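So, here's a batch of structures to check.
Next come two complexes, and both contain chain A; in the first it sits with chain B, in the second with chain C.
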Partner chain A sequence: MTEPLTDPVAAAPVAKSRSRRRRPSFEIVIPGTLLALIAAACLLAPILPGLPDPNLGVLNGGEGESRMGLFSPGHLLGTDALGRDLLSRSLHGGQLSIIVGLGSVAVGLLIGGTLGIVAGYAGGAVDTVVMRVLDVFLAFPSLVLALVVATYLGPSIPNLIIAIAFFAIPSYARIARAGALSVRERDFVLSARLTGARAGHILIRHVTPRVVGSLLTYGLLICGIAIITEASLSFLGLGISPPTPSWGSMMADGKTDLSTAPQIVLVPGLLLFLTVVSLNLLADGIRHRLDSEGSSR
Partner chain B sequence: MQVSKRTRVAAVAALGALVVSACSASVVPDSEDAAPQHGGSLVVGLEGSWVSLDPMRATTYVSFSVLQTIYDPLFDLDENGDVVPNLATGYEMSDDGLVYTVDLEQGISFQDGTPFDADAVVTNFDRVRDPANGCSCLGELGVLDAVEAVDESTVRFTLNRPQAGFPVMVLGGAAGLMGSPRAIEETGGDLAKDPVGTGPFVLDQEVPDNSVRVKAWDDYRDPERPYLDSVEFRVIADSDSRYSSLTSTAIDVADNVSVTWLNDAELNPSLEIRPQGASGSNFVMFQMGEDSPFQDPRARQAACMALDPELIDEALYGGIRLTGQESPFPTESRWDLGEVDGYSSYDPEQAKEIVDELGGISFELNFTNSPDNVRVGQALAAQWEVVGIDAKIRPMDQPTLVENAFGHNFDAMFYRWRGAMDPDGNVTRWFHSSLATPDTPSSNYNLVSDEELDQLMTSAAETTDQDERMDRYRAVAERLAVLTPYCYVWGADWNRIMLTNVHGIPDRPDNIMMLRDAYVVE
Partner chain C sequence: MLRLLGRRLLHLIPVTIGVSFLTFMLLNLLPGDPALTVLGEGATPEAVEAITEQMGLNDPVLLRYWHWFVGALGGDLGTSLNSGESVTTLLLQRVPTSLEIMLLAQIIALVVALPVAIVSVRRPGSLFDRFAGLTAFAGVATPPFLVGMLLVLVVAIPFGLPATGWIPFTENPVMNLRSAFLPALTLAAALYAVYMRVLRADLVTQLTQEEYVTTARAKGVAQGTIIRRHVLRNSVFPLITVIGINMGALLGGAVIVETLFAVPGLGKLMIDAIYQRDVVVVQGAVVVIAVAFVLINFAVDLLYAALDPRIRHDRASH
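This part shows the complex of A and B:
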């Protein structure tokens, strides 16, 4: 295999992606559609017609009763112990999951990715120090780490994002570093270095584009884990303050009514399940496609 | 891919478990009227540690449940909170209420063979009375001037002022649990090293803060008892885990299970729910010190008027809590005063008027972060919202909450008090002005300081006549209604849940578990 002296990705990224046309694959289309539907319903919840206020219940003048079953009049998926509409609460709770999921992936990707690329490209002492510090964090069980950070910071959306992003940073850094290491010794990087390009330029122009693909795929996976972590923190009472709905706190709320009113747990639980499975399948699908693109290149 | 597969498997397993649990049948022998039988062992799930096997260190009802397997008290308390003889046969009080003469059972020995007599009682009381020993019961012993042996089976207690609660709080409390004088001497005064009493069980094995096992003492004075061969107490701090340990029959008795599990337990044919009643209560308490949004009594009254505990109870629990409380003495307890003149009961219109007058009320409500309390917190906030009171709810962990309470560091708190069997324990330690210290931690959490209230509480504690005492506590409650340090929500009702083949454990409003008469049907 001969190595080009100029970086094909940096030289013609746009032309390359347009040059290939592929059949839509079910691996990507099905979970993608499902995710889009859930996200749209959650984000549009405040303006959907016929959806009651998520915090209105029997104690503050809402219509209906405590613990109504599925398909009750006015409450399609029933109500919780305080008589609040489960569909409305689940969709509003989904907003929180989406914000926290995407937010923590963005924060983790930015910090972890940067650290990893710099460490991998620089090598030597920088690499050793950065990666050993991150290894320490990797050794902690992630939920425990998130618990500690969430307890310390207190309940708010930015704090939740920080707490969850925290544990993902080392994994992003490892992936980014591996990518950067493999690119570092390639000929086009050497030639760029020989022509006097500065390290910053090489990192942004040549190294980052080759790492971003795998980072984003991994980000999708992490997004699912982040949503589960948010739900776990809320389930344990460390998420956003009630009465603001969240899938985790709704499930904690309903767990004692499981034998008499299972819908209180099952409605948010099913939404959580579908979202996370779709994210995982989508990440899988995209990785398969990237892999096959890589091998046919 | 690894993660998604694991997620899917877990979800399927969870659904499967749900289906299985929904159609369970009884797993223990059905034995409603079985006669007492000997043998077998009992495993009890406790909500906290017994702390120590020395009665001097007894703190919560959990300590007493464990200690009373090994040590007998001079007097037991019955389900009404009255004293009934155990090691003592009875007592006589002098007319001025200052001298109590107690007669003892004769011919009893401690588990190490030492005879139980008046001298042994004096030795025990001298030990707990010595401030150097730091008994957790010192507060109640301040009234005690002298303890003397009159003869071999009679002891005389002399008080420095009348105290109606003396038999309940002292003779039936931690100080009344009798340890062997020889063991006290040999352990240098620390019975935890070698717990020896006259009780039905002897210590087998103790793992501090985790589990303790006792086995039947063959020479117990009642040859028929105990029925059980052994008892193991296990600490399972989380109420939900305690309940699931019971449903899986890993334990036989679960102490103090959250009310939210009652619906589930009722559907399970293997379980029996034993409500213990309540001597304490759940309430919202307000910080009355400077800079608090609740410094103005009208703000506190408006907050109480906005709440309808019956409606909240109906929505959350189907109407099973002890609501209707308007004094520190819960509904259906012995000192229940019913409606109290001047208490700010449910009246949303007037609450709204006061809130408008005050230009709005906004504060933070603290409570422990158990799922049950988080629901109650939301329910309270929803009712306040209706009258224009803005409450931010802030769940926190139990130790932080208690620390903030003692440090007077809160606007308002939803709080549980376990309750005292003598009514004085439900008022003086909470409301006496000598404890209203904003800068030092104290049990007068909300800084109540009112001279009239102080006098009313002291006079009620000194009265020995039950009816007269009841009247004086009504006066205390009426003064409290004016001050409104609390909005009462409902009684701190205990629920013990057991497998249906466990019998013979008496119900008590202070939730102490007596296992002398307990038996298991195999």
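This part shows the complex of A and C:
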């Protein structure tokens, strides 16, 4: 039986290298914790005790009569106009935001990052062609591009991810290209080339590791924008199909009851806001950390 | 200057063609038959066949793009599948409304962001500075439709402002401004956040690093005067760049805000056309938005060169 996590010998070197590092600062810990809490609540929503089915409405009255206010029995935050539990729908809706946010960052980073690294390292005609084509994508306002692609592909989670990833590809490519350009002329790349290493090997072993850091930090910002874009598409009725809960479509539903039941808009709105703010703060914090580490070297 | 203009114009042409081509391809490969959109479901196969032939839908897609592109060059963007109206006419009716809202939003954002940034840097780290920083963070992290609904909650409902609807300027200028106020304010929130952060960061950098600031201080010039007379002028450049970059976000935001407040602008036209599968109108609207975005960034580059002699001469000497 092997349990590497509890093995003190295996854990020791990790602990040693940790203690040598500076302690994580508040600007990383606070948004990080908040994000972890929101993500845990959303992902664990299906098994949380006492949380009703998000799509099961309790009809007690006619159209619109089924809404329950805050702190109703069995529904902590009340229900929407169809009698569906607001807290449960908000947490389940968060799953979609997390999947689409992470998914579109992964897709955008993979495609954009690869294109940028290859273009920057290769230079010349390859560089010109790739960057010119990406300029075309950059010419679309991000939401308009996502709207057109989402309409074209139709509503499903993978399609949403692709539609939203589209707008991020050119930005990733630019960052990766800038990184690749700066590494290209460095001595270690030159010596790798002199020893006869193939281009693919140099790209993967030497160029990529030096670009990944800035790409991932930027990915946090893009994740926030992706979550907002998903909510915007759902708000416009072009996201995932109902009744699957999404923060955007929940807020669109609550629009008509805004003056009498603002919580239907405010609960998913607050979750969305906290998620995106945390992502931005985390990106800021990590960038500060990387900057100060870079300058102290 | 002229060479810079020429080179940027050359760059503009392939991007514009690429944008229109991409939009055309995406929309023309959409599932669903445009002939059915025109005739409605349940049309006879003969009628569908006739209209398909008449609209040239049997032609290869590249040929159709070519026809559309030639027409677009002459200002003809086709006719709406639903209403049969000219898309160019529809767009011309809607564009001024969107422009009014976006212009108002820019003005509101700048009018608020400038003084807030200036007061913030006079005492960095003060309570005001921190609070301003927080508002900027919040502005970036809140999607426009949420800002809009919050404004309806805290402004429109208590003060009895109209929450939806639009009154044209030609009908009643005062009521027009009233109906434009909330949509513009909504759009302005995110812009304010970006402008404030960029401006504050640039002011701080200049105040701490530039030697002309040290010189002015040594001469005994007051902090406020240094900011107003010297530093702010240089900060115009990053601000212009950011205004250009954010036009894209503004155009996207307009789509949402116009839908939320039922404002008959370009964005609302596009969304309604998407709902109705009116491909020709969507195409026209998207191309106009994208081309406008490209042109604005082109104008920003030119403005930059016109304002900063260093760029002008540096580029011209190559």
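The rule we apply is simple: the second predicted complex is superposed on the first by the 270 of 297 C-alpha atoms of A that agree within 3 Å, B and C clash if a C-alpha of one lies under 4 Å from a C-alpha of the other, contacts with A are read in each partner's own complex, and residues count from 1 in each chain.
Simple rule for what comes next: a residue touches a chain if its C-beta (ideal position, glycine included) is under 8 Å from a C-beta of that chain, and two chains touch if they have at least 3 such contacts.
Since we're looking at a predicted model, the values are computed, not measured.
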{"item": "Room on chain A for both chain B and chain C (clash or fit)", "value": "clash"}
{"item": "Partner chain in contact with A:82 - chain B first, chain C second, else both or neither", "value": "first"}
{"item": "Partner chain in contact with A:140 - chain B first, chain C second, else both or neither", "value": "second"}
{"item": "Touching partner for A:242 - first (chain B), second (chain C), both, neither", "value": "first"}
{"item": "First, second, both or neither for A:194, with chain B first and chain C second", "value": "neither"}
{"item": "Partner chain in contact with A:262 - chain B first, chain C second, else both or neither", "value": "both"}
{"item": "Partner chain in contact with A:253 - chain B first, chain C second, else both or neither", "value": "first"}
{"item": "Which of chain B and chain C A:125 touches, first, second, both or neither", "value": "neither"}
{"item": "Clash with chain C (superposed arrangement) - responsible stretch of chain B out of 293-301, 383-391, 401-409 or 491-499", "value": "401-409"}
{"item": "Footprint overlap on chain A, where chain B in one structure and chain C in the other make contact", "value": "151, 224, 228, 236-238, 252, 255, 258-259, 262, 273, 276-277, 280-281"}
{"item": "Contacting residues of chain B [partner chain A, same complex]", "value": "1, 3-4, 7-8, 11, 18, 21-22, 240, 258, 260-261, 263-264, 267, 311-312, 314-316, 369-372, 374-375, 377-379, 381-383, 385-386, 392-395, 397"}
{"item": "Chain A-touching residues of chain C, taken from the complex the two chains share", "value": "14-16, 18-19, 22-23, 26-27, 29-31, 137-138, 140-146, 149-150, 152-153, 157, 247-249, 251-253, 255-256, 259-260, 270-271, 274-275, 282, 286, 289-290, 293-294"}
{"item": "Footprint of chain B on chain A - complex, ascending", "value": "55, 57-61, 66, 81-83, 151, 221, 224-225, 228, 236-238, 241-243, 249, 252-253, 255-260, 262, 273, 276-277, 280-281, 283-284"}
{"item": "Of all residues in chain A, those that touch chain C in their complex", "value": "132-133, 135-137, 139-144, 147-149, 151-152, 154, 224, 228, 231-232, 235-238, 248, 251-252, 255, 258-259, 262, 265, 269, 272-273, 276-277, 280-281"}
